[in-house]
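Here chain A shows up in two complexes: once beside chain B, once beside chain C.
Right, the complex of A and B next:
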């Protein structure tokens, strides 16, 4: 495993196969509103997949590419939700400003907390991330006057976007809102991909593969993990902001442990070592949850069963097994 | 080179089987849609899982009974009535996602829900944005038909002000004016605490209140605090399974020897789920199954029992009334347009076979709140003749008198 790191210090150029996969992913995403009804979905479900997919990809930046497991990433997602919602509710009806506020709130919290916990490893790191998440959850739950408490923050809606030459109707037109979310998703995914292909990204892979060896090579491991945690928090906070725009409300469940667990499940379902794996995991999870829960109140049992099957039969995740086959 | 195993129950066989089952399930919706003509669709969101599931299940059962009855009699204006039920899982985000699904994917004409006041509040907001008639069968928080009232939102159950107003006098008379309240920390609990505070302080009483999480199950620390306060009565404002847990622990701590127990709502489902010692105190009921001489009540109670082997509760009645109200509104408006349905429901009186009460029951035009009679009385262990006879009405209260329109804070505005 460590040989892989030594062999590939720089990013490989995009080969034909990778370009084909990339093209396929974007064709699927661009045409989503047109094909999703055929699998029993609807446009806002597609938007939900994109948002949760982005959140899972952001978490995977830490789990899959840095080798650090956080079970409390819903904290930064939720802060993104509340940052966006609070701006729209109390300051100004501006969608871009809401997204920026969400990103800053989640990113700032990630930066501070990341700096405090980077020396912890394994189960201790995971426990501390959960503890900080619970702190944010109870702040949102108890600060009734500002956040609306358990009932959530209501009374705001996403605002249309004026481009000067055109007005994007993201309030009423679900298609336009989907493509707006896809646009933001593309920017974040693009930046994430570039970071992972940069020397910094390759260093994160080196830390994941063999932290001790990376340290002996003179890499400041703690600083790299802190930066990775911060970047991951910023990305997931953007996803949180989009979630606030999607639902037009913010509630404490977006900061809760359940969501952190669901995001980890999405990563594992799709494949944690694959860039697009968490997006596929999110798609499978969201569609299954939506479909099964319409048929039985025991939907959680079936979702859990599917997760167990995937872990037992596809330990590399759905996309991981496909990649393994194509490489074989 | 892959070597194929002969026979056996290998991984590949398991996966093939799972894929076949999955594919057959995916095919089902297409077959179902091919059967459809043009039914009128009602989307019902309720917490069928979670701490309020006990009430939600009864509401949905009442709604299903009403739907079956209506379809048996030819539907609504000759069209079949279709009830689509979704589980909000007692979570606001899931509830909103479900209502969007019902509206955007299933194209429902009318929406209903939720037992959880916070979810009811949030999903009614989505229905308002989409211009769809929304009926709240059992979410009690006051702003829904009060300060946050909306042109398209109607409610079947009472507000907390109505329920608290109906029972406060009785609680003071039976126990005294020093109260300790335990309330859930969300919209319903906050409204309830404020309502009791309003009536109790007006009567010169004193109180202490503790908020607990909506799904709390351990009340030991709070009950110790309550015991130290030495109140005349402990007010159990929790809901669903949380209320049941609190009532059980109240008895286990032996506190029923020192003080009484009261509640705005101590619903039939909750009373039947606690031991006889906890079947005590005074509370209000929003509908009660034993109303001798009131037409159609016996038939409704029998229909619920025959269908579900359960006694009819207020929650069954909420779901039943919500569906029938939608039917009556469609027939009156001769349209499925939200705004026309809302106008049709304003002031609409329920016929006796739906009202199932002695006095007139109608939707008040100014705030879209159903105006029934509230039953205030004593909770007790089952009487000898019926295991469900656990409540005796002492007072019948006119909802309109307890909460006049001027006190709701609602300023109803219809879109231009």
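Right, the complex of A and C next:
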């Protein structure tokens, strides 16, 4: 009995805390086009933050919540970019179809590669993810006829969305496009949150916390890591599709190692143990890049410097202060 | 419910039979040229508490790992409740009813005691791949968690992160997780290793309750001789990888070979 009595008061402050964070995040995101000019940004910069933030959060589903590090997640992001771009370029001018195609292409690749690498751990896992990513990069790079090779895939634009009662002008109106991306972002983030709070999601936390204990509880660790990898690839491929729509362009660098590394940096910058950490990391990264690169071509030096400072003084990332503590 | 009932009936029928809980036949484990366990056999009856002791390097932990399926024996057979489990991987052994704790406590440090136990309960209930639970399933899980926290007397620390608890409480949380798997055989690897007087006392009390009041079959490896002679029904003594003696605590205390092995080790 005392357990029941204990738990009720102990659980409440945490839930209130969680709701507060959730409310704050959504107010900030919904009002982004209105406040971003004050920090020297513009609406499509906000859209870029959302897209890369979603990509980083998808990667963090693995790093922060399953405890395995992929250094090759640009592969699935890039496949989302190309999947979406190819549909719009060659098949049909439909934004939703493009997103679905990108999601399927990236998700399928993640499913297959995930199945091949779940026995690897740590640095070996990271190396294999890089190797597969390089394969996809070179396919996109060399297959000139289909992908445009080094120059990237051009000649498509995102298409307006006809809801029947209204036509969403996402082509010309940056605000409308921002809210369209926010809508997709909300769905993916919502699904991710639900998965993490499910029994399945808790097995991923268990694997992160202690793989040996997870195994001795009877969790099929390899299968769960495979599923987590697949889910993460599907999520990041959706972000990739949005990236193609944002730029109206599919660029081989979206499949390249540099992007994989940048995504890891965004996760660590914001805080890997916090759901929204990677989004903040992406925001800081994208805004700094935009701001510093307008002053110097050596922007990467300063971004690197800031990264080092954050890691030294906030080892758990900028949102590390939100980390969980004992309830009682 | 029906299958549940069937399982209970089956379990009772089996409990009435004379099949031992665990039978290890001539187990040998070699690591390259080093033979860590040499031709050891052991039989644990239902409801028995068996302690495995021996001087350092006697092969206790290796032997224990053979039983729990951490690695397979080089030669020999392991029969659990009448079934050959020699080549079964860990998850299958867990499903058959073996649960273990580790010499170095293995828990989920950044989660609360309640969450640690919740994960164990959900996995044991077969919910590991479920995206959601019905409200009655959730109520069942909550009830099982509360029951385990009560039985192990750690309910007052349910909301604490396990990594912030004292060593003894971490071990109790680990035992609660093992119990969540509803094991028929509980394997405890040095449950009081590195603990102080008070913590050892609490863990010993918990093990005794599980054995005497809840009728668990338990195999434990332990260094603390007072604890072993106080708790065990039978004691198996290993020395240099081989079986030295097997008997009741009073047999073992009177056994000159055992005294020699321990004294020889001390000298």
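The rule we apply is simple: the second predicted complex is superposed on the first by the 307 of 328 C-alpha atoms of A that agree within 3 Å, B and C clash if a C-alpha of one lies under 4 Å from a C-alpha of the other, contacts with A are read in each partner's own complex, and residues count from 1 in each chain.
By our rule, a residue touches a chain if its C-beta (ideal position, glycine included) is under 8 Å from a C-beta of that chain, and two chains touch if they have at least 3 such contacts.
Quick caveat: nothing in here was measured; it's all calculated off a predicted structure.
Contacts of A:205 after superposition: chain C is touched, whereas chain B is not reached.
Of the two partner chains placed around the shared chain by superposition, chain C is the only one that A:195 touches, whereas chain B remains out of contact.
Contacts of A:89 after superposition: neither chain B nor chain C is touched. Contact with neither chain B nor chain C is seen for A:73 once the two complexes are overlaid on the shared chain. Looking at the shared chain after the overlay, A:294 reaches chain B, while chain C stays out of its contact range.
Legend: residue contacts after superposition of the two complexes on their common chain; A:152 is shown touching chain B, with no touch to chain C. In the superposition on chain A, A:218 makes contact with chain C only, while chain B stays out of contact range. Listing the residues of chain B that touch chain A in their complex gives 11, 14-15, 18, 26, 29, 48-49, 86-87, 89, 91-93, 96-98, 100-101, 104-105, 117-118, 121-122, 125-126, 129, 185-187, 190, 213-214. Here chain A touches chain B in the complex through residues 37, 39-45, 48, 141, 144, 149-152, 154, 157, 174, 247-249, 251, 253-254, 290, 293-294, 297, 299-300, 309, 313, going by the rule given at the top. In the complex of the two chains, the chain C residues touching chain A come out as 68, 90-91, 94-95, 99-100, 102, 106-112, 114-115, 118-120, 122-124, 127-133, 145-146, 149-150, 155-161, 164, 174, 177, 181.
The touching residues of chain A, when paired with chain C in their complex, are 1-4, 6-7, 10-11, 194-195, 198-200, 202-203, 205-206, 209-210, 212-213, 215-220, 224, 227, 273, 324-328.
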